[in-house]
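Take a look at the structures listed below.
There are two complexes below, and they share chain A, which is joined by chain B in the first and by chain C in the second.
So, the complex of A and B:
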């Protein structure tokens, strides 16, 4: 039996071989050097997706350990050998989820899908996009290694000279990661604006492309403000003695950056969720949404409410800003566009009786779960800004964060299933991706619930919510939620690895047949 | 032939380089604006609590005004280079580039003078730290602008005839004009309003 015969005996490999032949002409000439020299936007997007999924595994493990540290079984300082180390991991978990996992994951999917959706032959500035990937990867390694070496974004319990130096390195890594993501975002936005099909107006582009364009605008006009924060902190930290902003022995550095992980800025990750959900539901139903301009408007309004550079409270007294009308209005209004989209897609879904296979489709379940979790996160965000509830400085902050993270990750899984042939030239296992959606949804739900309930019960503000006040049950729920979330990530990583193996087998088949 | 048989006009899209340049320029401006906002907030806080921001008479307005004038002039020479690149006029293009580089160098030299004149140490206080952060970031942006402008202009002028690269010079010019706008903000916020 020849290699070709053995490979094509597997129908999955055979269909992938067809996809490889039709989608990537010349792929047989791929070499080990390709990731360093490619100017193919799809290949660069795949690199982002692969590496960000690996970082997702890392972040999930850190998250589970941090949750374990909050449980009653051990003291937080015992898990990571000291309070400073615990604080480092607590912050690393949040930063890595946003900058190493979710933003690059969405960017990667968009780099593959969006040019095709708008009729562009390739991504605009593909070399800049490749530079963005490698800068992001180098920056993320610098960031993580420096945190593990004693750096991080401040400390709670004094620092040594070496730890101060490591913190400077962490800031450099963080800055590099943000600049790289901005370069990739710029490349994507320019593709939609300048390279789309001549006959397609901006409002006619598919919902995902539109949501990525709008998200790109928010990212381009929000993330640079974090760079400004980092520049100020770095300049102070590297002085002979830090005088105000870069005091390494305090949590001040984190407090200057935490606005990025709190509402409204935290919603900037979630803008593409709306586009992915709209496309997935339409694809499963087999109908186009009747009022595409309504979807565009909903996505645009939500993006506007995610602009958050103005909401940092480190430089002013917190009550000046966060009790202000604008902050409260942003918090309350964010519920509206998500609810509107849920209503619009719900109406579309119920126009005709749903078939059972439509109801159990991973994309349908995932889109519904992502929107409902995002809706729940915005509702928690709305509760958080209602002053009498006194949730602003409580763990409810992290309930919003976890809700958004859960929604974005589920939407990313949906996108990987929906565009699996474009992304991987092979289909992603529906069973594994379905399990991933359910596990991530359940785990994220538990995290949101435990953080929110703790926020109501807790009487003291605590930036880390080191111990969830209330009961042992909450701490256990939080830990179980983190582990379940991690299992969900492992499921989709396994599914993607399987798809990539099928793709490699298909390429081998193709090479054998051409030889 | 009936006019209805004619093909539909092709929609014109902005050049990719121009779009990319606008987006990058916007992002750079936002980052710089973020720095200036921190500066203003800290100064307001200091004044509200009765603290002195800069020691009396330590920051002179004269050199800062000269820099403003120099940069305004550079906007003209930058557009001169863009026009020369469009018409593939090498002599004018190189003169415009040289004069722009001279203006840029003059501004950096003037900043050197300002730093020597004020004699601030970076860790003297919040005011001094932020003074160096804001002006230092501006100098870094200006150097990036000079490098970008030089490379694009030389590529456009030395490239093969007929190959239209003037839009790359225009893209660099957009960034340069944003730098001048940033300096206008520095001039007003840091030097005039001290």
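So, the complex of A and C:
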């Protein structure tokens, strides 16, 4: 009789117990001190996943409140006690989705999965990865608390001295978060480059590992420019009265950083989506893609089009940069690699008749949804750079952002289902993860649609729209989309929590059997 | 050929030389001065330039020693000990110092806005953590044997860690306890000190009388007591000391103390 057979009748727990007993060599015993001292890359990756999911809940609630605030039911200032507070939450929602949720979530999954994929025993520089996690966590807490305390990335309606100090803390927290993410990224990239199996060339690594390597390069090229921006803003802010940044008509701090959340830089979050989708589809079909170098090339081209530090337009006249040929070309070209991957995976899927189980597999549905939403986002991005449509400074900007966010989150859910045994030593509920994919997809779709239609209808440039132009219906759709998106996040958080409970039960079973 | 330690310290040597040159030129050095170590021309600020060059020299010497003695070269050490096989264990051991460095950076960030003292403490914690982290990283690769690596690390760091951390711990206890005792009234201070002393005595007696006590329980109790002391000290420091009333007589100076919470004259010594 094996250890796992003796103590439990729950097949899920028994399966998890087997996974726990056969987990990576060198993995450490679970103790209270483990999160503070571990040098196991998988454990660090799990920490990133868990905490970023908690931040996802927070961001989703903020997003729903912001959408409610600009619905016709109330005035923004009523929900958040003032115009500045509304602006703080509006910006916090965007920054936290990128820096506190999606990038760390992908990084965490990769820290667990990628070393195994490339044949490495552990992450390169695991202590740096641990420092990255804790620095990210501390930075994120400083950032969020300072925003809630009156800081943020600028103001619409003047600031007091204390709010100026809180703004300085917000900037420092944001900088710390980005530095920490870059440190984790370096650790991951070094693992693929230096610790992969000696007989595996870079082009032979699995699509997810390749996409994370390429994404790491894009992040390392782009995010330091945001840090440089923050240093400049911080020096300005501390060098003179904070009130200079609080001019009602000039939320300067945000305007210096918003390029990170607009195309092309916004696509940097989405590079791993291509790798996750390729692997999930191949796994469901049970076949490897015939031309892996084609996938690698598609991912590489998309990543190239996501390098976006050059699109910072605060210090130049916007028309000089954003009406320029390069900006337009980047916007139009981003559609091509996503369409190419959709086509390639579609061809692979239709080579043999699909079985019903394959069609309803969460990974298949999720991969398709992630790619289609990302494709839609790039199409909106292409429309946005076409000058006669006049969408550049409209809410269509946030249609692209929401499309990318939706695609990345769905891909993250797919990755958590696909690599659940590596991530959690237990399987994630297919029902809950499926519901999450559907809810996030539906909610994200509504957000993209309402932002895009409003962009077309709007007569004036108003990128920070306090209410979507057009009709009451658009604002209601936007609010419903936010709530649906939040429910989708809650579903996957619940599924992961359930998987973790199963894992803990398995560990308890194992300990009892050993005793 | 070049060992890891050599690369690290030789890199530091290069960085310090460049830093010294930049510092020399940026503080008033002329064109040749910083390059010729001040032999021809001015080097700018002598203290900073000299300090950076001293660090460069020390790094260079350490790097030469490390490469000469084949530091952290498991092959060389195995040959020296006539081992048939080279141990290959390269486990990265668990370490608290990365987290400590992160908290140091967090404190420094907060200190930049809140208070210079917090910034300096944060930086000090970062420097301390980086030193410890460096030694841990070196020890992990010193030989192919984890136990031997741990022993090596402790042999180098324990003579420094024990007195320094001991002094720090004593300092924290003294400062925290003094803040608490100075915050409460005179009578309460005496009472608190007496009760805590009695508790310590009772705890120690119990520990000795019943050696079978769970070590974990003792550790938990110790941690709770330390946290309580630290928290109490911080809160008391924020609340401030009780009022001290100074009386100066013609014959001699004599201080008298009076608790703000119990301002009765009967408690005055003066």
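One rule holds in what follows: the second predicted complex is superposed on the first by the 491 of 515 C-alpha atoms of A that agree within 3 Å, B and C clash if a C-alpha of one lies under 4 Å from a C-alpha of the other, contacts with A are read in each partner's own complex, and residues count from 1 in each chain.
Going forward, a residue touches a chain if its C-beta (ideal position, glycine included) is under 8 Å from a C-beta of that chain, and two chains touch if they have at least 3 such contacts.
Worth saying up front: this structure is predicted, and the values here are computed from it rather than measured.
**Student:** Please tell me, clash or fit, for chain B and chain C sharing chain A in the overlay.
**Tutor:** Aligned through their shared chain, the two binders clash on chain A.
**Student:** With the two complexes superposed on chain A, say which partner A:228 touches: chain B (first), chain C (second), both, or neither.
**Tutor:** A:228 sits against chain B, while chain C stays out of touch.
**Student:** After lining up the shared chain so the two structures overlap, which partner does A:169 touch, if you call chain B first and chain C second: first, second, both or neither?
**Tutor:** A:169: touches chain C, not chain B.
**Student:** Looking at chain A, does chain B or chain C touch a larger number of its residues?
**Tutor:** When the residues of chain A touched by each partner are counted, B comes out ahead.
**Student:** Contacts for A:316 in the overlay, against chain B (first) and chain C (second): which applies, first, second, both or neither?
**Tutor:** In the superposed model, A:316 contacts chain B only, not chain C.
**Student:** Counting only touches as set out at the top, which of chain B and chain C does A:342 meet: first, second, both, neither?
**Tutor:** Neither: A:342 stays clear of chain B and chain C.
**Student:** Going by the contact rule set out at the top, does A:61 touch chain B (first), chain C (second), both, or neither?
**Tutor:** After superposing on A, A:61 lies clear of both chain B and chain C.
**Student:** So, A:457: does it touch chain B (first), chain C (second), both, or neither?
**Tutor:** A:457 sits against neither chain B nor chain C.
**Student:** Is A:182 in contact with chain B, with chain C, with both, or with neither (first, second, both, neither)?
**Tutor:** A:182: touches chain B, not chain C.
**Student:** Superposing the two structures on chain A, identify the stretch of chain B from 40-48, 94-102 or 184-192 that clashes with chain C.
**Tutor:** 94-102
**Student:** Which parts of chain A are in contact with chain B and also with chain C?
**Tutor:** Residues 128, which sit in both footprints.
**Student:** Where on chain A does chain B make contact in their complex?
**Tutor:** Where chain A meets chain B, its residues are 124-125, 128, 182, 186-187, 189-190, 193-196, 198-199, 220-225, 227-229, 231-232, 235-236, 239-245, 309, 315-316.
**Student:** Looking at the complex, which residues from chain C come into contact with chain A?
**Tutor:** Touch residues, chain C against chain A: 91-99, 101-103, 105-106, 109-110, 112-113, 133, 136-137.
**Student:** Quick check on the complex: what are the chain A residues that touch chain C?
**Tutor:** The touching residues are 26, 28, 36-39, 122, 126-128, 130-131, 134-135, 137-139, 142, 165, 168-169, 172-173, 176, 180.
**Student:** In the complex, go through chain B and note every residue touching chain A.
**Tutor:** Result: residues 8, 10-11, 13-16, 18-20, 23-24, 26-28, 30-35, 37-38, 41-42, 45, 122-123, 125-126, 129-130, 132-133, 136-137 of chain B touch chain A.
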